[in-house]
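If you scroll down you'll find the structure; I have some questions about it.
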Amino acid sequence: MLISGDKYVERLSGYEREIYVRGEKVEDFTNHPNIKPVVKSIALTYELAGKKDEYSPYSKLVDDKVNRLNYVNENAEDLIARYDFQRELSMRLGTCNYRCTGCDAINSLYPATKEMDERLGTDYHKRFLELLKEIQRKDYACTAALTDTKGDRSKRPKEAKDMYVHVVEKREDGIVVSGAKIHQSGAFAADINFVLPTQTFKEGEEEFAIAFAVKPEDEGVKYILQNTGYQAKFREGGEFEIGNPYGDRITCTVIFDNVFIPWERVFVFEDLKATRNLLTNFAISHRCVGASCKAGFIDSMTGAASLMLKVNGLDRVPVLRQKIGEMVGVSEAAHAIAVGSATKGFESYGTWLPNMLMANSGKVIGVEGFNKVIMNLAEIAGGIPVTAPSEFDLKSEEVGKYVEKYLVANPEFSAEERMKVIKFVEFWITSSHLLGAVHGGGSPAAAVVFLQILADMKEREEAVRDIIGLKR
Amino acid sequence: MLISGDKYVERLSGYEREIYVRGEKVEDFTNHPNIKPVVKSIALTYELAGKKDEYSPYSKLVDDKVNRLNYVNENAEDLIARYDFQRELSMRLGTCNYRCTGCDAINSLYPATKEMDERLGTDYHKRFLELLKEIQRKDYACTAALTDTKGDRSKRPKEAKDMYVHVVEKREDGIVVSGAKIHQSGAFAADINFVLPTQTFKEGEEEFAIAFAVKPEDEGVKYILQNTGYQAKFREGGEFEIGNPYGDRITCTVIFDNVFIPWERVFVFEDLKATRNLLTNFAISHRCVGASCKAGFIDSMTGAASLMLKVNGLDRVPVLRQKIGEMVGVSEAAHAIAVGSATKGFESYGTWLPNMLMANSGKVIGVEGFNKVIMNLAEIAGGIPVTAPSEFDLKSEEVGKYVEKYLVANPEFSAEERMKVIKFVEFWITSSHLLGAVHGGGSPAAAVVFLQILADMKEREEAVRDIIGLKR
Amino acid sequence: MLISGDKYVERLSGYEREIYVRGEKVEDFTNHPNIKPVVKSIALTYELAGKKDEYSPYSKLVDDKVNRLNYVNENAEDLIARYDFQRELSMRLGTCNYRCTGCDAINSLYPATKEMDERLGTDYHKRFLELLKEIQRKDYACTAALTDTKGDRSKRPKEAKDMYVHVVEKREDGIVVSGAKIHQSGAFAADINFVLPTQTFKEGEEEFAIAFAVKPEDEGVKYILQNTGYQAKFREGGEFEIGNPYGDRITCTVIFDNVFIPWERVFVFEDLKATRNLLTNFAISHRCVGASCKAGFIDSMTGAASLMLKVNGLDRVPVLRQKIGEMVGVSEAAHAIAVGSATKGFESYGTWLPNMLMANSGKVIGVEGFNKVIMNLAEIAGGIPVTAPSEFDLKSEEVGKYVEKYLVANPEFSAEERMKVIKFVEFWITSSHLLGAVHGGGSPAAAVVFLQILADMKEREEAVRDIIGLKR
Amino acid sequence: MLISGDKYVERLSGYEREIYVRGEKVEDFTNHPNIKPVVKSIALTYELAGKKDEYSPYSKLVDDKVNRLNYVNENAEDLIARYDFQRELSMRLGTCNYRCTGCDAINSLYPATKEMDERLGTDYHKRFLELLKEIQRKDYACTAALTDTKGDRSKRPKEAKDMYVHVVEKREDGIVVSGAKIHQSGAFAADINFVLPTQTFKEGEEEFAIAFAVKPEDEGVKYILQNTGYQAKFREGGEFEIGNPYGDRITCTVIFDNVFIPWERVFVFEDLKATRNLLTNFAISHRCVGASCKAGFIDSMTGAASLMLKVNGLDRVPVLRQKIGEMVGVSEAAHAIAVGSATKGFESYGTWLPNMLMANSGKVIGVEGFNKVIMNLAEIAGGIPVTAPSEFDLKSEEVGKYVEKYLVANPEFSAEERMKVIKFVEFWITSSHLLGAVHGGGSPAAAVVFLQILADMKEREEAVRDIIGLKR
């Protein structure tokens, strides 16, 4: 089923959740200035789903249309439709849509649980399908939590147990877990949080090889929000001072303090192989969609750069237009890599996954490209995004007249119009997105290691040996 | 029909052609040390075509299997098959396969002539199909020539007429053309050279808006070869001193000194629109395949780097292995962009062409990536590719023993084996391929201009306007 | 004379100034949360001056030691001492010291006024020296304001008069000026603001070719502060939540609403040549010191990166240590360029100025280097600088225990200690410094134009002509 | 004494040396096509020395003017004079001057032997001074050889003895050494080859810790030349086909087959500390001068790029002129770093050495800059440097007329003039200089390691701790 954005907000308002901002528990969380932008962003994933058929595919599982982000991809077209959807979401939000990890989790758990059941004769896949049906029917917003805090890196999980989400008690009706997950984008505004391991484990560490789902209102689940400068700005309010009403990407630390998980929401339990599969699937799924997500962000920055040149009256300067062309090149390349990865992807237990090498290459190129684009935007924008007066100055009785006069460049745009563009560019350059681009889906270094290990070096070497006549 | 590489060479040997090397006319050209490597390269395009079905599709036109490079692509799968073929060719040759421009010409002329005929009621498309059938039936190797010498850039074609290939005489049975085309890879070893305009033209310049095919043995056609250091090295011979037996990419200047072209080989005649279509199609077709071609080159360099680390005994140094991973990332990204471009391509008068924006982005990323890969290879290789003794020193009675002793690093490889790898890396670093990567298919700056002009800036701007509430 | 930082703050507290933050006039400005960090930063320029003799040279002009930033440099050693001082300031502040433009103005006005007097027989230089003596005697903090708002770029100054600081009335005792200057770092916390033209002018535009000094308490001078996220964070307070207690670089727009300037503070009046000299001197002076300033910022980021690796328990990972080495390389290179520029500098009317070409090269390399360093810091830091809980969460009764537990990585550091480092890194990555590095002292593109115009291309061409035997 | 370039060539012609090219012993080596360019290059180091006083300082040691490259630098001015000289040499040669390693060796052996004598009471320094006097008096050209072949990297020197230059016999009158040194630029055309260890050694490996000087005509010394494509081109001859008459950088492998070295030419004998000092001194000396050398190369490439734009008729295209400006920026930055390193250098036992950190930063920035410049030159040049016909085609009776006509672009330059520029650019892009820039003086990775180890990380960390209030 497809519900509206408003419906999602309405449902969300009904939940009781433990969310903390600046050390204080939040009341009426959907209206909190730091959470409302997240809710608005997610609402758009509901609204936009209806825009195109590709964004809301038919699911046999529930015999209904469902949001593309809750769908199990069966072929390359599915995956490409997802990438197109995500690129458009990124462009239209200029920030995180918060549901991509949920989609990655669904498309990783589906094949991993199926493989496990075939191997072990268990029924985890069935359990998972039950939840998935609920998700599709109720049009839930889902996220996934992976990164454990880890603590002292010189210790193995067994020695640093508390720093990994782990089972505290195994009961007949379920398990009790404790631990914490960091870097969680928007988890507090979702309906479901999938919880997956942060890494693969060795024999003897089976106890950490678990995957399950929580509902944010489960007892013992607590969310502590990040607090960058932009959060403070949102708390102070304003009409366009905040740059992007959808906000910076808002993450949190999720605390699991003795949380009970019924068996029907446990999908991997102490299985090393399923964990490995799960994580590999998740990594390529998330890195690959990241390329399209960045493409959308770059589209937004390119639109902003183009507008900036106009409000500045510099839209005919060749060297600046060239920089716009370069930005377009990066976004098209990033999305093309994702589409190419999908096209050259593979099927795994009923799920279509992107090509492993290409997906990882998308991560590497994506970070370099994102950096280049930020620098281009910075050059195009001039210094004003960080030196301009505020919306409140513009509206001030005492100094408003000065701002109104001196902030105009191209006479076709008022000071207010120019300021709106300026504040949006400020958002892109000083928000947390640059760091998010670097580390989202794992560091570029991790992707390079993956590429080096996975590439068919033998074939490449053989080709050279044939050319130069080097026998072996 | 698919002929063997040997058959191609045999046919080629039967032709009389005017080819000049270092100011002298070449006799027995297929055995000339600077031409033989080109012939060997092209021969592999025949041999490899049989390897996979995708490389030799069925053509309705002649009711037979044909080489992928002589095929008119009808859908994305066709185009992807071509990209896969070209990547493999690049990897297996470590140099140019010389037929890609022919394939680009075929896939550009097909829709352009069809559009023109529909518009004008002419029969150029039929003429073209006749030649195409001959090409497919006889399994011809084709190339395409575009770049006019242009001369004084401050003049329009009409003023600098001789510097553009132009019609000297219009006869009942055909036209007589004069002029020259530069930067022509391997044209002298092909069966057919398509000749296309170097640029679009304005009204009043119709006389230059022509496209036709020559056979290299047509009277008045003369080829003058490039002469970089590698050509001199090939003339001196040796078994592996030359690094890559398929040679550096060998280009030539083609002189048309009053060459008669019968009407059946004239495909565009004084039509500005068809010229524009032709060139746009050719540009995206060539830039896009260039990404896969570079991917194959990078595969070759990656294989070489991997072997180099082994013969040097350094294959376990983490920081060097990381560089290998980065190289893999670039090749996978480049190929993924091509595949993505094909997937998101479009049909034009019966031909499937790659997505325009993505194709151009592939060019930009390709150059940056190629440069990065050359630098990685350089760092991995150490200085020895340019300082090592020669094969002749290794085989010398007087100093051979020293080279044999001192050139060994990893004891699992002999001095000769290490030298083979060294000379191959030398080839990659000092050959003309870096410059070829920069300018092949047009400069990166040209692609950036294209991206800037073609991108839907309005959509990007609208998305930003919606976010920030900027009406217009 | 050298006064203490406290004395400077005390003096500042005595001034009445019109300063606006978020549309409201500020009372007790030295204690305002957005201004106090600036005052603290400037105070350190007083404290640190006493640390080394080189930082407080003897000035013949006042027969006393003075702050290096109020000194007229006479030789390369002076200039190098300044660069060393500024690098150390940048490292110890991790933000702007706000006085470098004042020093640039002093060292630009000195030779420019002297040249003008010699040429015209005027006494501007004497006037300037009088103010300079006052500055040195009272140890004033000075800044300089250049950037006019310009308005519609398609218009010349005469047509867009109001958008340039210009003379409204010429009186016997002085001039009355109006207009605005943007991008002004810390001007509101200085004792003197030099006001220089934003650009050179053509004949007929003499009225804009003026330079003078204002005191921030002059009637009609108004400061409107920037308002990025960090300002909001400072307004909310906290002990270490703000990352860097010296704050982000705080700039403002300065409004001149019919400000009266007595003749003794007017240093250039309607003279095109002096304006040109002044601007050239200022540009190279400011771009060159920018390289040392960035070196100090990078030192701070390198220290932060090194601490981050320690608190994360990752200080032995080779690939991360390598990134530290790269960061060091950038800062040493940037500072070496400044030192080299000083050494190869030139004397102009009693002032030692840096080598023009090298100074501009420092700008270009500086921006590239700064970007590289930010990216290295980002890779080293991981995602936590933008996802971590706040200081208030750590100190909260409800969730403090969780943060205290889960934020510890290396057991040698407490959660609070790690958080301090995290918040400082957050500051570097999301502050306005990246954009400041790009546009401070003019865009990199401006520096490249300068390099292209100023370089002795003839000498370089001649050297090539000699080698290849190309006569001319 | 300063002799003329001709005198140097004359003296050289009198030597008997064992030099091998392509496996054959060379007769009349100074006239061999692969050696003559080296001799011409070195001759210019003699000719240019007389041009400026700074290039031929007065040496107390011999009470006479000497070539700057044979001088022991006593202060920063000396070192800067050397860097200026080397930059000019690089610009005027467009290739290696072959004497910089000799100068590095002199300036490394001087302090290292002095320290050793003070520590051990030996007389190595006196021995060294005797040779140095001879060098200065006779105006010898000197080079230095460091890189041992090393063989199997998993073995320590003791196990792979033959792969390191080592003492075969210790006699009363001297030592007998065997081994080989690779990557030796121009050693065969020098008067003296200093031989230094390739690395530092541990206790127990004293036997390898030796440094001495050979004369190229010493019995058992054999030179085997590199053989890249450019060498083949030189063997084929031509007037300007070869691009740069001073040739590519020509290196060789030096074989020491039981070479007797009298004690007076042994400067370090089995001393670990002196070896360490020697290598550190040599490394910073060589890396730092490398920055100025690259600056000169870039000057040459910039001149070539500027001429290329002119002969192509494209010298008014803004985007291409901008690339020229970027190239200037890189060369000025590189030279400024060297000058800054000298200014911030230090004295060691009577020798002025460059600042260690800055010297290493010069290496890192130098490689990145060189690569950027090559890419800019490639973009500016277009594809023609690797596709153009040869000088012999231009002069050919059969096709000369075509080349003469079609190779002209800007009508102010003849085809021959344009071809000269083209061939010179071809030289820069396909020569061995790119790889030389990467690995000359050690890899960039080695410099980064050095930077990371040497930097005062404590000071940087303390500055951050002070800011954020982190006690320790």
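Letters A, B, C and D mark the chains as written, and numbering starts fresh at 1 in each.
Just so we're on the same page, a contact is a pair of C-beta atoms (placed from the backbone, for glycine too) under 8 Å apart; a residue touches a chain by one contact, two chains touch by 3 or more.
Only a predicted model underlies this, so the values are computations on that prediction, with no experimental measurement involved.
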Given chain A and chain C, the chains that contact each of them: B, D
Furthest chain, CA centroid comparison against chain C: B
Interchain centroid distance [CA atoms averaged], chain A/chain B, Å: 40
For chain B paired with chain C, centre-to-centre distance based on mean C-alpha positions, whole Å: 51
Set of chain B residues in contact with two or more other chains: 319, 322, 445
Interfacial residue positions of chain A with respect to chain D in the complex: 318-319, 322
Chain D to chain C touching residues, read off their complex: 76, 80, 91-94, 240, 243-246, 299-300, 302-304, 306-307, 321-322, 324-326, 328-333, 335-344, 355, 357-358, 360-362, 364-365, 417, 420-421, 423-424, 445, 447-453, 455, 457, 459-470
Chain D residues touching chain B - in the complex, by the definition given at the top: 20, 22-25, 149-154, 162-163, 180, 182-184, 222, 224-233, 235-236, 241, 249, 251-253, 255, 257, 312-314, 319, 371, 374-375, 378-379, 381-390, 392-396, 398-400, 402-403, 405-411, 426, 429-432, 434-436, 438-440, 443-445
